[in-house]
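First the structure, which I've put down as structure tokens, then a few questions once you've had a look.
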């Protein structure tokens, strides 16, 4: 039987990818950021997942305004890094796990989540930067990845409550898959940041740290927080944090915090990172 | 414009249904810049290229003027308008500086010092 | 305030469209079928809706297997009749109602239905044949139409229960729209039919009529019927009937049956048709 | 193949995840026939056109043979395979007759008489 072993949350700032790809990760500006993932690289090498369900959002790369799915699950054999305007990132092709992805799609739809099934999709920095942060720069990604793209660009994104419950449904679906697989769920995006308008550059350390606390200890309360609070307190792009609730919903009610990291800034953004393990209770 | 609770947030335009309807063609123009041949065509004759899209005159002018805040007010979404910035060779941080009315070094300095403070930036009512 | 005045259900067999478009509706084969809609044309002329929310499924016209949304709502200004391989049907362009459609999309997503927002979509016989049956062959369709495309081609479609609840959520959303609009919800597809394999041509009169009875009188019970029963009893394409539950969910618990019609065959399909009015209780 | 409750339904292949994965390229080939220029290319040299798609040899042969039931078994979906029929100028009823093993007049007659009866067609177990 497949099982969810852990959850990872991390920001997915494009500048982080660019720093890595351009060999600038050793610069003073970037060193403290990458140092925050040293533990994580060791941790994941020690108990490598077979599959990562990677919750992220597309940033007008695969989806324009022609068609905006709330939840899209990638069922293809593989996914190419997207060309976001400067050529695709020089990272490996992302190998999918179509058998588990289709199983999830089927179970989630029957569980009354209105998924969009996607068989062809390029994946942008939202998906590839977290892989780079956790795995560095390998020739091939060491595990299969199921992309789960959440709309957070067009208001309204799904509610925090919906995201949290989707996580719970993902767990049920994973646990009904007959093959013996170690599965991690990653939630990406955030933390506080605003890329647009006169308020660009907003960072809210207090909000971010309270979010990290509550995501661990009281995710149900966090799942009730309305969009308005995220946008007001964490910036118009801080709303990406609702995606972390999907990861959290897929874990036990009580979890062990294996790692926690917070850093400001990466370009325009506050960076947060959590590794949560099941089996704490 | 229907008043929404998020209209109270200063310096921020939420990309909601109203903005998305308003900016559809502006954003689809931006999306077209994902293709190298379209970037070339745009650079060669911006006005002629913009005229291929059923955008309002004000939207076209905001693009020609690189009026980044103006584009947002006219329905642009930052993930789309940033494709114009990429075409121009500008980084996200460079246009963030322009949109917030400071020089890029000043903006970068603000970010290094922990970013723009939330205090005074929560609510238009609060800051009055 | 916008309000839902009535629901219409009808099959959407492509051969019906072809018969009309080719001037064959007066032939003996087709006469009894079109006669079943004589009442309906008069009925709708007497109290013309401003907007129809038209629930239908795409048949590999707008959506291939690259991307399969469970629920897609059309928010565009207009929708072109699709070229299904023989050129588009010679029917008017379908005018949308973007203000109401976007309102629905926003409210439905906040109500935890995971809609896909679509701003560009051609509409196939699933949407245009019901318009032809209800309005005949006008120069322009006499009302605005919001297409709501439901996946029923790729198993699994949304559950009957999910469809029924979506109807209820649509009603809440319509009733929160400030403009004074008369809105109808149409459910299309079905009735029993199977287009594929050695069992092609299956018709189940008893199942169809029991479905019509229960849709009117006990929709909650009907909403619990599993997909397997539809496929087994009403054919692999009979599963389209789940879409009628969306229409039903948008109406009062008690409804008045203004019209009911059943006919076999239209090409490979049993044709069913209902007009249900609110305000019976 | 994992056994599913709907595998008990006679003469019916549900287009589920398993079939969809199996038939992806076959169905995407069919979808390509929505464009007139592709229909022309297919008609001009069926084999050469099929070789543009990463389909299995068995899938290609089933198309060349117009083995409509074979295509379904190999992952085809009827709404996609019917695009081959449209290219051939065949109606839905004509291929339905072929798939159910009768002549078109016989099939049309069956439909006029109320269609194929559900009795004996519910379940493989029942009909044994």
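Going in written order, the chains are labelled A, B, C and D, and every chain counts its residues from 1.
In this text, a contact is a pair of C-beta atoms (placed from the backbone, for glycine too) under 8 Å apart; a residue touches a chain by one contact, two chains touch by 3 or more.
For reference, the UniProt names are A, C = Protocatechuate 3,4-dioxygenase; B, D = Protocatechuate 4,5-dioxygenase subunit alpha.
On a predicted model such as this, the values are computed, not experimentally measured, just so you know.
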Notebook entry, point to check: Taking contacts as defined above, which has more of them, A-B or B-C?
Noted result: A-B
Next item on the list: Could you please state the distance in Å, as a whole number, between where the Cα atoms of chain A are centred and where those of chain B are centred?
Entry: 25
Next item on the list: With chain centres taken as the means of their Cα atoms, state the distance from chain A to chain C in Å.
Entry: 37
Next item on the list: Give, as an integer number of Å, the spacing between the C-alpha centres of chain D and chain A.
Entry: 40
Checklist line | Multi-chain contact sites of chain C, meaning residues that touch two or more partners | finding: 65-66, 106, 119, 154-156
Next item on the list: Would you mind listing the residues of chain D that make contact with two or more other chains?
Entry: 16-17, 20, 24
Next item on the list: Determine the shape of the graph in which chains are vertices and touching pairs are edges (line, ring, star, complete, other).
Entry: other
Notebook entry, point to check: Among the chains present, which pairs are found to touch?
Noted result: A-B, A-C, A-D, B-C, C-D
Check: Which residues of chain B touch chain A in the complex?
Finding: 5-6, 9-17, 20, 24, 27-28, 30-31, 33-34, 69, 72, 77-80, 82-83, 86-87, 91-93, 96-97, 99-101, 107, 110-112, 114-118, 121-123
Notebook entry, point to check: chain D touches which residues of chain A in the complex?
Noted result: 75, 98-99, 102-103, 105-106, 119
Item checked: Partner chain A, residues of chain D touching it in the complex -> 16-18, 20-21, 24
Margin query: Could you list, by residue number, the parts of chain A that touch chain C in their complex?
Written below: 65-72, 106, 109-110, 112-121, 154-159, 161-162
Margin query: Could you list, by residue number, the parts of chain C that touch chain D in their complex?
Written below: 14-15, 59-61, 64-66, 83-86, 153-156, 192, 194-207, 228, 231-233, 235-237, 264-265, 267-268, 270
